[in-house]
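In what follows, chain A forms one complex with chain B and a second complex with chain C.
So, the complex of A and B:
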């Protein structure tokens, strides 16, 4: 089954699109089958919404996530700055293959 | 027509993208998103202004005649800023300022957050209306960018430490950075006041009791109910209608804003591609939106506490004429840079922010005529007789500063610019020295 990634940014302004593109490009390059969604943390702060987040395999976020999120969270801020982006992508790859 | 400036802006963006040799379809898509996002925002703003204007009239019939302004919130500030003569030029102008400051070693920060430049533009437009001089407007917008970059450098270390991000991250959000400097004296005051220096609030407690305010629909609905009850009393269906309208606006406005932001996405990529190549020889900070801070529990809790507080402040502050309506959910962005200075102490961040925003309400009251004119000037909302304010950017201390400078004419701007650049050089040298001594320590 395809793994599912959720890309989370603070307010849904820009940064999730940037991370989405980078991860999407990377997965295509590496021939990894994956489905990616993006969302804003501002819309996902309640406990019910955290259940939605928990239904994903990996969360890539630029900001801290609520304590109720139990899935693997990767800090994606380096994807945006470009410094250390490769390491983040490698981490995502390892998690996808696990 | 109301969208002509949006079209001009999308043409400017298209020219930049074509110079960067991007495919035609990508260019067209970005143009449509920018013009379309602005059009959506303006349509929503016009509709909301009329609806809320009626509510305010009703409020004044019931004795609350102090509130004469509709507050439209941060998303509409995008339209005010970017759908104007200043907005058209603000992006290349700020890029140029940033490039010069980086090359002249006045800043380490390269701002890649193109979206938030609308705040510079909107402050510019309001100053333009206030002083009736386009030149003053442009200069205010640029001055804010210079200040933002200086403060992004200044706050970077604390932000990195507190938000647990790596060494290349800075927050270059204009409004957040305009509040930052005030956190230092306030924190000193809290440190030196007995009893208060030991007060501490836990984030979980706040979230447990105030969590509903973190959902836009619910927060807007409750807000609408309170305003509606004051305006229409208990026996009217209009109370619930207003609640639903305000809830909807809390969802629709950010959605429209994010369409516009998506259109700017390619510009951010262009800045990143042309990033300075001497990053090994120099420390570079990447200036990002304050969005990286909103997930922090202490930022969230402080912002949640502030939402009802702003409401209460609006009613009790003597002489205040602004009732916050649509900007309350954005408060978390404005306080984000201050929270690390208060070391995540919610009580301090909350008290400090409440004081600053109380000042912000007065600034907004003072500037309300100018902002109403600004909305008319950009023909977003004209000739309706409704007075309009926007807490973002009008609650910012920089709004008051730039309005005050505009009274002095161009000389004031030149003096301020020179002072700011001197400050930038001083801080840069300081950082350089710190880095060298750190390196020296590491080597020995």
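So, the complex of A and C:
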């Protein structure tokens, strides 16, 4: 089954879209079958909503996630800072293959 | 979309946001409550961006905006902002880009454009070095290519 990634930013303006495109390009390049969604943490308040986040295999976030999030969270900030995007992508790849 | 560039020494990130919000307000681009909305948002979702040159990207909901604009405030002395990826840490920012966009899509396009440019050392260098008036022209040319492309495409 295809793994599912959730790309998460704080207020949902731009940065998750930028990360989404980078991860999507990478997965296509590497022929990794994956389904990617993006969202803003602003939309996930409370434990109930965190269940939605927990339904994903991996979360790539540039914002601090609530403690109720139990799935693997990768800090995606370096995808957009210009420092070490490859390392983040490698980490995503490793998690997807786990 | 209007671009405003200012340079001012500020004592804190709140003062910096207030300064940008006042500038946008005086130009008729935002409502008076815009500054407070930016500060409230920054408290919950900080925007300190630890890039090649650290910057902050404060903004508020579109409902506080009359007309799209962007205010760049360059700090003679670094101002610490909390990091967007870890609010427990701070990053000393050289400047802040305060975005006031009147649509969600406008916000998205501007942020994508800014984030792409933040990976370009030449862009960052120009932002840090150019005199204020020249920087305003530079930003107008540099940042709105995307807008023109959309216009041509439709």
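Definition applied: the second predicted complex is superposed on the first by the 98 of 98 C-alpha atoms of A that agree within 3 Å, B and C clash if a C-alpha of one lies under 4 Å from a C-alpha of the other, contacts with A are read in each partner's own complex, and residues count from 1 in each chain.
Methods note: a contact is a pair of C-beta atoms (placed from the backbone, for glycine too) under 8 Å apart; a residue touches a chain by one contact, two chains touch by 3 or more.
Please read these numbers as outputs of a predicted model, since none were measured by experiment.
With chain A as the common reference for superposition, the partners chain B and chain C occupy clashing space.
Using the contact criterion defined above for the overlaid structures, shared-chain residue A:77 touches chain B and also reaches chain C. In the superposed model, A:18 lies in contact with both chain B and chain C.
Which of chain B and chain C touches more residues of chain A is settled by the count: it is B. Looking at the shared chain after the overlay, A:65 reaches chain B, while chain C stays out of its contact range.
Contacts of A:86 after superposition on the shared chain: neither chain B nor chain C is touched.
By the document's definition of touching, both partners, chain B and chain C, reach A:42. Using the contact criterion defined above for the overlaid structures, shared-chain residue A:30 touches neither chain B nor chain C, since it reaches no partner. Of the two partner chains, neither chain B nor chain C is touched by A:51. Only one of the chain B stretches 58-66, 76-84, 202-210 or 220-228 carries C-alpha atoms that clash with chain C in the superposed arrangement, namely 76-84.
Shared contact residues of chain A, touching chain B in one structure and chain C in the other: 9-11, 13-15, 17-18, 41-42, 61-64, 75, 77, 80-83.
Across the complex, chain A meets chain B through its residues 9-15, 17-18, 40-43, 45-46, 61-67, 75, 77-78, 80-84.
Listed in rising order, the residues of chain A touching chain C in the complex are 9-11, 13-15, 17-18, 41-42, 61-64, 75-77, 80-83. In the complex of the two chains, the chain C residues touching chain A come out as 41, 44-47, 49-52, 59, 84-88, 104, 107-108, 110-112, 114-116, 118-119.
On the side of chain B, the complex with chain A involves touching residues 112-113, 115, 163-166, 168-169, 211, 214-216, 254, 257-258, 261-262, 264-265, 268-269, 272, 275, 286, 288-297, 300, 329, 333.
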